[in-house]
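Taking it in order: structure first as structure tokens, then the write-up.
Labels A, B, C and D are assigned to the chains in the order they are written; within every chain, residues are numbered from 1.
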Amino acid sequence: MKKLWPIVSKNAVTTNCLGLCGIRLTGVSEIEFRSDMTVELVRASAQDSDVIFAARVSTQGEQTLEAAQAEQEAQKKDRGLLNYLMRDRHGSPFEHNSMTFYVQAPIFVFREFMRHRIASYNEESGRYRELKPVFYVPDENRNLIQIGKPGSYEFEPGTAEQQALVQQEVMSVTRASYESYQRMLEAGVAREVARIALPLNIYSSMYVTMNARSLMNFLSLRTKREDSHFPSYPQREIEMCAEPMEEAWAKLMPISHEMFNLNGRVAP
Amino acid sequence: MKKLWPIVSKNAVTTNCLGLCGIRLTGVSEIEFRSDMTVELVRASAQDSDVIFAARVSTQGEQTLEAAQAEQEAQKKDRGLLNYLMRDRHGSPFEHNSMTFYVQAPIFVFREFMRHRIASYNEESGRYRELKPVFYVPDENRNLIQIGKPGSYEFEPGTAEQQALVQQEVMSVTRASYESYQRMLEAGVAREVARIALPLNIYSSMYVTMNARSLMNFLSLRTKREDSHFPSYPQREIEMCAEPMEEAWAKLMPISHEMFNLNGRVAP
Amino acid sequence: MKKLWPIVSKNAVTTNCLGLCGIRLTGVSEIEFRSDMTVELVRASAQDSDVIFAARVSTQGEQTLEAAQAEQEAQKKDRGLLNYLMRDRHGSPFEHNSMTFYVQAPIFVFREFMRHRIASYNEESGRYRELKPVFYVPDENRNLIQIGKPGSYEFEPGTAEQQALVQQEVMSVTRASYESYQRMLEAGVAREVARIALPLNIYSSMYVTMNARSLMNFLSLRTKREDSHFPSYPQREIEMCAEPMEEAWAKLMPISHEMFNLNGRVAP
Amino acid sequence: MKKLWPIVSKNAVTTNCLGLCGIRLTGVSEIEFRSDMTVELVRASAQDSDVIFAARVSTQGEQTLEAAQAEQEAQKKDRGLLNYLMRDRHGSPFEHNSMTFYVQAPIFVFREFMRHRIASYNEESGRYRELKPVFYVPDENRNLIQIGKPGSYEFEPGTAEQQALVQQEVMSVTRASYESYQRMLEAGVAREVARIALPLNIYSSMYVTMNARSLMNFLSLRTKREDSHFPSYPQREIEMCAEPMEEAWAKLMPISHEMFNLNGRVAP
């Protein structure tokens, strides 16, 4: 993990331009198309042992440290305790930690993200700066066709024609919208007005801070897994944010993550 | 207040079509342009007296009722108590009440709205239904030009040319985007994919529930008033939601509202 | 439901004095012993139909009302929808409602109660008024002996000797503590200081406001039921508050309550 | 800051025994009297620069780092930005950080503490372990007499007689209560029952985690300062927890702390 926030080197943004980047637009900006999300862990204070200590305060008071260190078997006990907390949904010990992520994703993803209220957000504002022409377009890995009924759709790739149509439509609308945005800005219209007709696939960026309990709730709802006790059917693009967040968390708190999976991915 | 939720009669939606509504679009849907917001109070359990009782439990315990009724001067005392609570920021007594609003507004407004975390939201989903072609376009009352520096912009109307440009650009982009959305849907693309290039000025609808304390926080940040102790510079369109919410609240809890104004519109 | 809050008639408090009430104490106050809790619903805006409307906004937008009324089968569909929301843990539609309870219980119960953060509280304050001599003592229905291991204790009644001992000890300590409190007050000591050695079984009173989603979380943790998907082992005295709260909620939102039980009493 | 949680060395607990500690009690335990609070920062991820980065994402997007480093004047600008955020109450950038404290304090303090809902708590439980005989008694620095009217009491030391009375009463009640607790435990009564008549001045311990925004709210309400824009009249004992928490925070985020003071100690 980096010591300094900003984090955001050009390299970090693995663009996937579909061969269409770099087209000059009315001499002002280059439109960039991407099909991926940027998720970087920029700050964390999060360890399995924090959960252990917080949980043990309720049963052992101040002996915590000695108790934890005295025994050879400590680690085995710790795994057992974490499993017990997760299984029986004792959630509060998972709150004494903190993870801050920097995320770049299209606005339609942020719309879903910010429905999670037990989190802290600071997002780039289109009122205070001119938005950059970076837009999302689905790549060939994104299934385009849904089958089944509401609440439990299944997705399939779609035909080559459908894929071509989506890319063409999205790119064409995007370009036209951004040109229009530029014309309004050039005519002296306020940024907060000019932006209103920009499309939902424009990228934004934010810092989001969560604790492990809140993150588990996010993951249980925003990843689709066979082994989930309560099934979720997230939109693929927010899952593309959730997956690297889960990966980062699993490195910080591997036993908690293991027990989360072992117990049906239910947030305690 | 209506007894049944849905609320949403056609009449409720005071459309303001700028003479441009009703244009057929590729034989599928009519695009509607609006310049207003719909805000309806659909449920409320909120009275000044609730605040009084909740505040008095801390000082008087169970005598609450008798104490409140015994005296001729009760009402005067109540005003004094509400003023005191507001001025010294004793906020918790303002939480024992509930207001549910039905709101129709463009997505760029909902984006700001949902940053308020002490509230409950259920919004129309573009994943589960085809979105209707209703879009926001600023009318002549919406100032288009900002002057001043970040954090304290002032807005001015703009020239007739600027007004014409904004309406033309917004409508043109909107129509093109919605046509594109329709073409993708007709080609069998999933709703959640087809919607990604729709513009931020498309209307959505939601139910939002808040208590008076949370609403005061919302109002303090989302209305621009000379008499605010802490100044706020909200985007005009969310203020257009906040104003009828404030009006509805003022009818339910007139003394609380008066004291909110009297004490600099600071949420207690 | 009553129109006015205070609610708290003497009759409402079903005292259970164990034949020991009414003993004069240093000529100042009568100590009262109780073994029950007071829970009264004083305000509510909560119906099953509110959940339905909130849930349907996501799929049907503004047609909500007509759709709900058009069909003979509406009620059957509503039950199905509520079951689906509960089972798959779509919790937000259960938030657009509000219930305010007046509760009298010992402080050791309020200590557990107020760990529930998604709720609004106003409690009687021992800083602003002299606390009344009303104390909790377990009656013969309260199991006194725990067996088993931490996390899943079972309780048994205890012997007659144990029951007598508990009543005698609790009453004796209580009386001595309250006499001491009175002596300090009479000597001019501030209430907030004199109260510090009062026992945890002294009754306090509060207003608490929750929505159905938060209440279900409370009930899932504060009632012990065989049919719970995730087992809980609450202290009996807080369960004595939770039970009448559940009863009141079940009357207001009977289908939601039924589905909560049907789906393992997991808060959605 | 220590790397490992438990933190709680005997030395950390600066006991203040009033010459009365160490009295054997029915051959079972030694009662300890204290007049102080233990507050230790056990984990923190909190710096002024975190606030800066979070705030700048809204205006500068990903250029954050370069912008911050490019200029000689960066630090001056940072101070200006923090002042602006505090003054105009832009609170969210102060949320991307985390502080975990270990606190030992009497239960009557924890009762007030836990009313702060934007925080995470894990407290020692009297259901799972036998509580230790450590009790609070006011020392000579604690003013015992209140004058003035509700809402704005002033406190004065009290006479030598009043001081002696309080110490005698509190210690005597405390001892009697703890002896009673011991007798019930020895007779086989469950811990959760035996504890109910323990006095409110018994010490408990907890971990509490907050971010700087939530901590500022806590400090604004739980410290009494002449320079507060909104006056607060906290009970002295919780202020004794708030003060070392503020001190620890001021070391971690000195500029934020300075601006908090400069702007009337209003949580943004």
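Here is the rule we use: contacts are C-beta pairs under 8 Å (C-beta built on N, C-alpha and C of every residue); 3 or more make two chains touch, one makes a residue touch a chain.
Everything numeric here is computed off the predicted structure, so don't read it as measured data.
K.L.:
For the interfaces A-B and B-D, which has the higher count of C-beta pairs in contact?
P.N.:
A-B
K.L.:
Taking mean CA positions as centres, which chain lies farthest from chain B?
P.N.:
Most remote chain from chain B, centroid-wise, comes out as D.
K.L.:
Just curious, how far off is chain B from chain A if you go by their C-alpha centres, in Å?
P.N.:
28
K.L.:
Express in whole angstrom the distance between the two chain centres, defined as the mean CA positions of chain B and chain D.
P.N.:
Inter-chain centre distance comes to 38 Å.
K.L.:
Provide the list of chain B residues touching at least two other chains, using ranges where the numbers run on.
P.N.:
In chain B, the residues touching two or more other chains are 59, 92, 121, 128, 150.
K.L.:
Would you mind writing out the residues of chain C in touch with chain A in their complex?
P.N.:
Listed in rising order, the residues of chain C that touch chain A are 59, 84, 88-89, 150-151, 230-231.
K.L.:
Show me the residue ranges of chain C that touch chain B in the complex, using the header's touch definition.
P.N.:
4-8, 43-45, 49-50, 53-55, 57-62, 64-66, 68, 92-93, 95-98, 100, 104, 120-125, 128-129, 132, 205-207, 209, 211
K.L.:
In the complex of these two chains, what residues of chain B are touching chain A?
P.N.:
Touch residues, chain B against chain A: 106-108, 110-111, 114-115, 117-118, 121, 127-128, 136, 138, 142-146, 150, 153, 155, 158, 161-162, 165-166, 169-170, 172-174, 176-177, 180, 183-184, 187-201, 235.
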